[in-house]
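Below: a set of structures, written as structure tokens.
Two complexes are shown next, each including chain A; its partner changes from chain B in the first to chain C in the second.
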Partner chain A sequence: MEYINGIGIISPQNTLPGQGFLEAVVEQTADFLKSVEPVYKSYIDPIASRRMSRLIKMGITSAKICLRDAGIDAPDAIITGTGLGSVEDTEKILGELTIEEKFLNPSPFIQSTYNTISSQIAISLKCHEYNSTFVHRCFSLESCLTDAVLQIREGSAANVLAGGIDEMTLNHLTIIRRLGMWKREAIRNLDLWTSETPGALAGEGSAYFVISSEKNEKTYARLAAVETLYKPSSTMQTASFVKQFLADNGLMPAEVDLVLMGSNGYSEHDRVCNEVIMQSVPAAARVLYKHLCGEYHTVSGFALYLAANIISRQMIPSCMPLLQRKPEKLENILIHNHFRNTDHAFILVRV
Partner chain B sequence: MPSRIFVTGLGFISGLGNNAQENLNSLLNLRSGIGRIRHIETSLRDELLVSEVRMASEELSCLAGVPSTEAYSRNTLLGIIAAKEAYRHASLGDHPGLRTGLISGTTVGGMDQCEKYYQDFLFNDSKNAFIDIYDCADSTEKIADHLGLKGFMTTISTACSSAANSIMFAARLMKAGKLDCAVAGGTESLTKFHLNGFNALKILDKQLCRPFDAGRNGINLGEGAAYLILETEEANEKTGNRVICELAGYGNACEAFHQTASSPDGTGAYLAMKKALEMSGKTPDAVDYINAHGTGTDNNDLSEGRAIENLFTGKIPWVSSTKPFTGHMTSAAGSAEAIISILGLVHGIVWPNMNFSNQMPELKFRPVTEMIRGANLNLVMSNSFGFGGNDSSLIFKKYGVH
Partner chain C sequence: MDELINKLKKEVITQLNLEDISEDDINPDSPLFGEGLGLDSIDALELIVLLEKNYGIKIEDPKDGKKIFHSIRTMAEYITEHQKKA
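Entry: the complex of A and B
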């Protein structure tokens, strides 16, 4: 069995060490939700930090927070998931290159490479162990977790550092807004579910986890299972996939206490999320959370942080609206996420 | 749990040819794919040598069976062509009961279109169809769609070791019982983005690259795609496919040294090769041939050469870099060179390290410079190392040999 023994998260909420579990909700009225960033010099050598872009700093810092939380100096593997890597660095190059090809500053090119985060974490820890990076939309973090579980079951690792990270920029938002699935104007994040305007609210964040083979006093919860589903033919197929996923893990649908919903404010897809869950685990309590962190490829990292804390603290923060009744117990949590109803991902977290 | 992983299909497109047979013919005839830039629109056109696939993207669309009016990146087209070849080679589509996954490595994704239309993306709606094809996952999903695959899929990006790590991850999923078969490899098209990026790092040779030569001066970039079909022994009993060879070992380690440079003693390379060898259950003297990462940069070849000397303390196996044939195919290099190694293993050929003339003073061994035919090869190793010190090594074993 695999356990979540450490968490380090930088998000648009107060999720830094010592800030409690979403006690005071962060309100942002913005085009996208931006991370509440720590003072990086407490975590990264200031000279090295000066050359690093924001995403790399967020990644290294959340990884270090995570290892401290787990009480581990060196992990046995480092695995990162990122949908887009360093958007800021890529934009710097594209901005120059698409006007005129001239000699580039090599730093943004190096940092735009997706594996920079995992390898910079390895460099800062002097860790020569297994190191990899997954870059597949909303399967990115799920692939990391699958890999982490394999590492443990193969006997190659006792503690794996695995995380998901993505950043948003105004330029990138300008571009993806053209696709019609995103909010076209700034809104107050807490109004996401009542807003009259269509589209998802974009966000960002970095969440790392220590996935371990042994339970200890640091354990938050058990990472019970991870599965992905590509291009289901119907909502019904997705729902039966969920039921099979639960059955494979020895659970009846009625035993799921809480579902962290994949809804993001884009009503067409939110309807699908609701249908999938209503058809597969109708009795479970459902909770919305993307008004807290926004939508991005590795947003399930934020959801996993929520699930692990809800189980270990046995409470649901009041900033997350509960659809349906309050659950009687908090032992089995299902996380559903999706990318445009094409890629569906499920994580099961248990007590 | 399945313990043996068989290779039963190959698909390969590069500057050497559009399928595995054409690639083999070029290798046998010592025909390099490296030359002047013909297809990428770049001001570096007359300055750099690259190994381009010898077709414009419109022609590739035709070969891939994609209407050229649709938004596809060159990267995706290359991936579809090579993956289809491998998939048909093993007739995996005829065995719907088997769980087949797709693990693909890439780094440029749809950058070739993005860099063309980026200003439109920012300022108008005219090229919106190309916005969605920018990320790495798009190529993987389109390949899956063209093969009709709906099972497990993911995309790996560890720079120049991406495809090697994809093969490794696929094998691990199969051994864990999550998959029966896999299409694994990588795809990478040349783009203005990374031509300029590598150029800014000053690691591109303006002449033909000379791996392991004392006077080596950098990389010639290349493009293409290469995919392997992997089957567990149990799945192979069902498919009845001819086994080409066995994937006997793999190792992944991290240099943890510098974002773009290798450590002087090649710690990451040493560890990756050592792990792969340990998994194969063989001693260093059992390795007959190493297809080196051998990029032709000062740094890589010294670091890799030392790592080879440190691991193979007795007799050093035949070593060559085949990058003077294919150019450095970056994210596709791992699977492309895996296939080149396998073709050597199957046909008893040690590929020469072309463009070599002067021994590196720091190393005791020299690469193979003339093609060796009729070689008795049982175990071959293929190295792929990436920026960030993401080092991986694969070992292939002749089928039926213990």
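Entry: the complex of A and C
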């Protein structure tokens, strides 16, 4: 079995150490939800950080917070999932190329590769163990977690630092908006569920977890299973997949206490999300969460942070609206995430 | 020379994103690499770009780099010498 023994998260909410569990919701009226960032000097040597982009600082800092939370100095493996990697550095290098190719600044080029985040974390921790990065669009974090579980089950590692990270830039947002993926107007995040315009509210964040083979006093919850389903032919197929996923893990649909819904404020896609859950686990309580963090490729990391804390603290924060009755117990939580009804991901978190 | 040294200090701080370091903190005779400012090999590449971009100076022989980039003063001397030749 695999346990979540540490969490470090930087998100558009107050999720830094000492800030409690979503006690006061952060309201933003913006084109995308931007992370509430810490003072990086407290975590990274300024000489080392001066060359790092915002994404890398977020990654290293959340990784360090996570290890401190777990009481571990160095993990046996570092695994990262990212959908976009270092967008800011990539934009910088491409921007310089279009101006004058011969005066290229080497730092953004070196750091524009996807595996920079995991590597910089390893350099910062002086960790020479297994280091890997998964770039699988909306399955990036799920692939990362699957690898973490495999590392533990094969006996290669006892404590794996695994996490998902993505940043948003105004330039990237503008380009993707043309494809109709994001809302075309700035909106207040708390009004997301009453918004009738097409597109999702974009967000960003970095969430790292220590996944361990042993349960201890730091354990939040058990990471019971991770599964993905690509391009289902129908809602019914996705619902059957969920039922089978639960059965494979010894659970009846009625035993799921809470579902963290993958809805993102794009009504056309949210309808699919609702149908899948209503057809597969109709009795479970449901909560929405993407008004807190926005939509991004590795948003499951924010959901996993929520699920682990809900189980550990046995409470649901008031900023997460319940779509059904209050659950009687909080022992089995299903996270559903989906991207335009093509990439469906399911994570089961248990007490 | 002093004017060029001060200009170079500003440019190095900006180019290398030396947060928390002011011009007064940089001794023009202190080594830039290792001790002193503690710069590294990537910074060396950035300084080469700075010389070419801001002063039109291209370092033909990489071996010269160690001498040129020893300190802010050696950089200023190299720029002055190069500009005289030009």
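Heads up, the rule we're going with is that the second predicted complex is superposed on the first by the 345 of 351 C-alpha atoms of A that agree within 3 Å, B and C clash if a C-alpha of one lies under 4 Å from a C-alpha of the other, contacts with A are read in each partner's own complex, and residues count from 1 in each chain.
Here is the rule we go by: contacts are C-beta pairs under 8 Å (C-beta built on N, C-alpha and C of every residue); 3 or more make two chains touch, one makes a residue touch a chain.
Note that the structure is a prediction, hence the values are computed from the model and not measured.
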{"item": "Combined model on chain A: chain C and chain B, fit or clash", "value": "fit"}
{"item": "Contacts of A:46 with chain B and chain C, given as first, second, both or neither", "value": "second"}
{"item": "Partner chain in contact with A:103 - chain B first, chain C second, else both or neither", "value": "both"}
{"item": "Partner chain(s) touched by A:21 [first = chain B, second = chain C, both, neither]", "value": "neither"}
{"item": "Chain B versus chain C as contact partner of A:176, first or second or both or neither", "value": "first"}
{"item": "More chain A residues in contact [chain B versus chain C]", "value": "B"}
{"item": "Partner chain in contact with A:122 - chain B first, chain C second, else both or neither", "value": "first"}
{"item": "CA minimum distance (chain B, chain C), superposed complexes, angstrom", "value": "8"}
{"item": "Set intersection of chain A contacts, chain C complex versus chain B complex", "value": "103-106, 110"}
{"item": "Residue ranges of chain A touching chain B (in the complex, touch as defined)", "value": "78, 83-85, 93-95, 97-99, 101, 103-106, 109-116, 118-120, 122-123, 125-137, 139, 143, 146-147, 150, 153-154, 171, 174-176, 178-179, 228, 230-231, 342-343"}
{"item": "Residues on chain C engaged by chain A in the complex (per definition of touch)", "value": "16-20, 38, 42, 45-46, 49, 52-53"}
{"item": "For the chain B and chain A complex, residues of the former touching the latter", "value": "42-44, 106-107, 114-115, 118-119, 121-122, 125, 128, 131-132, 135-137, 140-141, 144-145, 150-159, 165, 169, 172-173, 175-176, 178, 192-194, 196-197, 199-201, 252-260, 267-268, 271, 386-390"}
{"item": "Touch list for chain A against partner chain C, complex", "value": "46-47, 49-51, 102-107, 110"}
